[in-house]
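The same subunit A turns up in both complexes below, where it pairs with subunit B and then with subunit C.
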Partner chain A sequence: MSEKRVRIRSAEKMKEMMTLYYMTAKMAEQEKSPKIAWITSGGPVEILHAAGVIPIYPENHAAMCGTVRMADRLCGVAEDRGYSRDLCSYARSDIGSILSGESPIGGSPKPDFLVCCNNICGTVTKWYQALQRMFNVPLIFIDAPYQYEADRPEALAYMKAQLEEMIQTVGEITGKPIKPDTLTETLLRSEEAVQLWRDIQDLLRHRPAPMNSFDTFIHLAPIVTLRGTPECIDYYKELKAEMEERVRDGVAAVPGEQFRLGWDNLAIWYKVKFLADKFAEHHAALVVSTYTENFCYQAPDRREDDLLWTMAANYLGGYINHGLDYRERELTEMAENFHLDGFVMHSNRSCRAYSFGQYELAQSLERKRGIPTLMIEADQSDTRAWSDEQVATRIDAFMESLAARRVAV
Partner chain B sequence: MSGVLLFAGVDVGSATTKAVLVDVEGRVVAHTVIPSGGKLAAAATVVLERVLGEARVTMENVAALVSTGYGRESVSGRTKAVTEITCHARGAHTLNPAVRSVIDIGGQDSKAIALDERGGVRRFEMNDKCAAGTGRFLEVMARTLQVGLDEIGPLALSAESPARISSTCTVFAESEVISLLAQDESIPSILAGLCTAIAQRVNSLAARVGMMPEVMMTGGVAKNVGVVRGLEQAVGLPLITPEEPQIVGALGAALIARDLGARRQDATA
Partner chain C sequence: MSSETRSPLDVFEAVCSDFYAAAREAAAHGRKIAGFLCSYAPQELAHAAGYMPVRVLGRPGGTPRADELIQPFACSFARSSFDSALADELDFLDLVVFSHTCDTMQNVADLWRRKKPEHNALIVSLPTHTQGTAARAYFRAELQRVRERIEALAGAIDDETLRSSIGLYQRHRNAMNRLYAVRREHPDHLNGRQVLSAVVSSLLMPKEEHLPLLETLVAHVETTPAGDDTGETPVPRVFVAGSVCQNMGFIAAIEEAGCAVVDDDLCMGSRQFCMEYADAADPLDALAEMYLSRRPCPAFHAPGFDPGRHLVEKARTARADGVVFLLTKFCDPWFFDYPHVNQALEDAGIPTLLVEVEQHLPVPEQFRTRIQAFFEMLAAR
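Here is the complex of A and B:
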């Protein structure tokens, strides 16, 4: 490799910001104030920020366990207690961490209550029930009906009613009702941050892409945890400026970018570097992913006068709460907007909600758009589902076939 | 043979290592198959020595060498390493340009490849981590049943009806075989059941890729007529099996070496 990949400066700031966030949460655990809520990655976190509650994400903690390759052992702890090996590795490793006390960050600060929204999968429903039993704290459950096509009005009304109820309940738990103005400000800040994150990802349409999907996986942390806060906006402004600078100066995330690929499904946390290096070896940049796009979902018809309705639409309408026709359209649009040569699909043992239908999607991408797909069988954090050699061969073969197509054209 | 220009393909598989030499016209000059053993790099060196010896030439005559297979990165002196997917497609296309699909069952993996009309790879699927649906599966079963690998096919075909083997997991299937033996099931029936099981397993890869005629079967297991018949039934298409199914990957590698050599000569000319 002649040119080296350039580091993203803003990453340092993100590290500081995320450390500060965890430290604050740890302090809150000790001081018993402010309150801490554990929440699913697709949960309506703005309500927590507006109430001054610190959100903690078991999924983020589990991803960290995966990144430092501690997940296998922690999954084993949960499996020994009877949790099936077929259960999501995030759930298993996080439960294993709680049971054993082992964690890469000294454990997540204990929750005062739990917020679970099933817009990302059905597993979280049972997972949070298990957490409720372990910690004996209140559980707020938001039920997001699955959307097969356009969002249904009755589902939106149902969602909105549940959000109203959550606002009420969180106020009761903290003892301080959430002020409507504070909630509005928080929601507007969330929208601004999401728009910035959208803009940053759209900058990857540029050739060469200033950033790789392997970078966006990492830079996803603030938009998940801190959307609705001013720090989140500041951070993405800085990252956006850095990426605009790269576009202006022609800095490529993958030096000598020749191929542009999309990514479907969660990151494979323990192999981010392996995959980034492997694709870079073939001068292939991953420039868009359904995974990071999922966390910048904004309902197309925003209601200025009804932010809660808009919020309901946002939390109902994410990629994995939708059926295959919707997914196919999304993938096709991504392929066109980001000038893709192919799609890489991570068939994720842990995440059935995400992985079902991937073969169907792959076939229709190929048939209707001539976009080839590579399927990688793995798991988001359980390394026992991974094999270096098998994945390397699949990637090499896929890239050889893309190169051969190009020669033939 | 001094002065003759040749191109080498070396396919280092998990079970066997294969080498093929082709001349400037792409004709096979010599080919060799040896067991891979534990040291892949050593196997590559030995197979190359043997194939050169067979053709009575030296490395001096080899203008380019392409390595492929599981151990492709451990072949010294390679011009380039290319995956077995690309090499099998190329080899099969050269043997029969009408081929649009390849099913390859090797020692430790199985794959299905869809080809375009130029022999390029359109789609492919490989087996997951387990050894079900590979040559290794048959080796384990042959050992359990105390029959030679070469005997499996003919014996399986002689069975009146195949025994039912419900699991395709090598470990579970082995214990199923042992219980079938205890129930006095005949060895040919058990072997036929095993061939059907492997064929169904591999057919699920084939179905994902979509098999179009002509279909060629490559890899060592193509020598097993029991599996070939089982696959023909499962896929619903006749299979072409080349005379030397094991060397198709190495042949493809040698032909790619020839392209590279030709390109190099163009560049120097």
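Here is the complex of A and C:
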């Protein structure tokens, strides 16, 4: 490579912000105030922020375990307790961390209650049932029916009723009812942050892309955790400004960008750097991913006069709570909007909800649009089935085929 | 066993030896056939619309067509049933009804819809939450949509016919529960394989034909005098729990090892019949109540339902000496519950054996060895 990849300055600020957030949560655990809730990544966190409850994400913790390669050992702890190796590695490593006390950050602060929304998978339903048995605390379950066609009004009404109930229940748990105005402000702040995250991702349409999807995986943390807070908005404003500056100055995330690819499914946390380097070697930038898009999903059914209805529509879920027709449309639009040469699909052993259908989607995209896909069989955080050599060989072959296509055209 | 009871069991076993023969024959006579893949499919609605509901099962053999479309980490039931559809083995189906349960079937239903449009795939979007007025109202609305979709294909369903289908299915469940009760008392009169054949055949035959045979069988076994078993060594009583298990071989192997299968919590067993009649003026209200208040499949969220405590109670009621888990490999809902349920059984002093099952493969030799060791352990207690 002639030019070196440039670091993202805002990353430092994110680190500080996330560290502060964890410290605050740790303090709350010690002081027993404010309350702490464990919540799924797709859960309606604005209600917690509006109630002054600190949200903790077992999925984030599990991703950290994957990144620092502690997941294998922690999965082993859960497996020794009878959790099958075929279960989601996030669930296994997080349960293993609770059982053993081992963690890259000294453990997640213990929950006063749990919030599970199944708009990302059915695994979280079972995972949180297990957590409830381990901690013996209240579990708020938000059931988001999977949508195969257009979002159904009866499903939205069901979601809205559950959100209303959650607002009530959280108020009862903290002993302070959530003020409607506070919730409205939180929801508006959340929308603003989501829009900023949307804008940042859209900046990656620019050639060369100012940021790589491997970076967006990392910069996802605040939108997942802190959406609804002012800090989250501040952070993404700064990141957006930095990316706009890069676009203006023509700074490329992957110097000499020649190929543009889309990513599907969760990150492979223990190989983010390896994959970023490998693709950069081929001058390929990953410029869009269904994974990060899922966190700026804005539902089509918006009602300015009914924020809870809009919230219900958003939390009915994006890419992974919708059927294959929806997914195919999304992938096709991504390919057009981001000028993609192909997709990289992580066929993720841990995530059946996300992965089953990828073969069909890849075949359809190739047949109907001539868009090729590289399928990588792996796991989001369990490294035990990974081989650098095999994946490198497959990436090389795929990139050669893309180059050959280009010559042919 | 006398000649009049041999006949229902013979019929059941014959039906199980060729899963879809009855459906194909009915289709040849012009009957519309509705396939379903889960005990949560509201068969009553299809039945009332004139369909013959028939359960789609896995089958022995490879799954090369499904392997092109789903990764190897999908369960064998999903792969095998989907493969049979892709191989055109299910072309007698006019309709296929899925019910939303686990992630795997959620996505396989979608693939099925795309690949076999002629099956008119209808996916019933059950709430995962089984309690509360919001879930109930949502499911009631969903049943209305399902009814309308079926009506668009097969013509109007009138409430009276629907009530009578609900009644027929409930009478059948009641008879099945009586069969289970008498088997718990007299496993020597009715073995696990025979009960499984009664269950599986009931999913493959018209209910109106299966019910009288079942009632004859139940009446006969209920009135058979208890055998003179003085002096015989008591046979270890085994309770079987797990996901789909249409492969009779596993139950047969447990009994061949010397155990008596006395009860089950299987998808292809008692979970097909764990529903009670609900009286409501509106038949869809009745169905919503019946399906949501039944014993939940592990894919659901039923606050207050403790699967560990539940299985301990079931095993105790069945006076089981041990529990064998037959869990389909990759069945997330069951495998998440397993550590807790297993611990609850251990705490209650009930020994267990966990076996991972591949629905489409023959019973492995290793299974026979392990079940033999389990039998010896139980017999020595």
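Here, the second predicted complex is superposed on the first by the 407 of 409 C-alpha atoms of A that agree within 3 Å, B and C clash if a C-alpha of one lies under 4 Å from a C-alpha of the other, contacts with A are read in each partner's own complex, and residues count from 1 in each chain.
By our rule, a residue touches a chain if its C-beta (ideal position, glycine included) is under 8 Å from a C-beta of that chain, and two chains touch if they have at least 3 such contacts.
Not measured: the values here are computed from a predicted model.
A count of residues in subunit A touched by subunit B and by subunit C gives the higher number to C.
Within the superposed three-chain model, A:S387 lies in touch with subunit B and out of touch with subunit C [touch as defined at top]. With both structures placed on the common chain, the touch criterion links A:A157 to subunit C but leaves subunit B unconnected. When both complexes are overlaid on chain A, the residue A:D396 reaches subunit B alone and has no touch with subunit C.
Contacts of A:Q30 after superposition on the shared chain: neither subunit B nor subunit C is touched. In the superposed pair of complexes, A:P372 makes contact with subunit B only, with no contact to subunit C. In the superposition on chain A, A:R405 makes contact with subunit B only, while subunit C stays out of contact range. Contact with both subunit B and subunit C is seen for A:Y359 once the two complexes are overlaid on the shared chain. Look at A:N136: by the touch rule set out above, it reaches neither subunit B nor subunit C. Counting contacts by the rule stated earlier, residues 359, 377 of subunit A appear in both its interface with subunit B and its interface with subunit C. Across the complex, subunit C is touched by residues 81-84, 86-88, 91, 118, 121-123, 125-127, 129-130, 133, 139, 141, 143, 145-146, 148, 152, 154-155, 157-158, 161-162, 165, 323-325, 347, 349, 352-353, 355-360, 377 of subunit A.
Residues of subunit C that touch subunit A in their complex: 68-71, 73-74, 100-104, 106-108, 110-111, 113-115, 123, 125, 127-129, 132-135, 137-138, 141-142, 145, 298-301, 303, 329-330, 332-333, 335-340, 342-343.
On subunit B, the positions that touch subunit A within their shared complex are 70, 82-86, 109, 116, 118, 120-126, 128-129, 208.
Those residues of subunit A that touch subunit B in the complex are listed here as 359, 366, 372, 375, 377, 385, 387, 389-390, 393-394, 396-398, 400-401, 404-405, 408.
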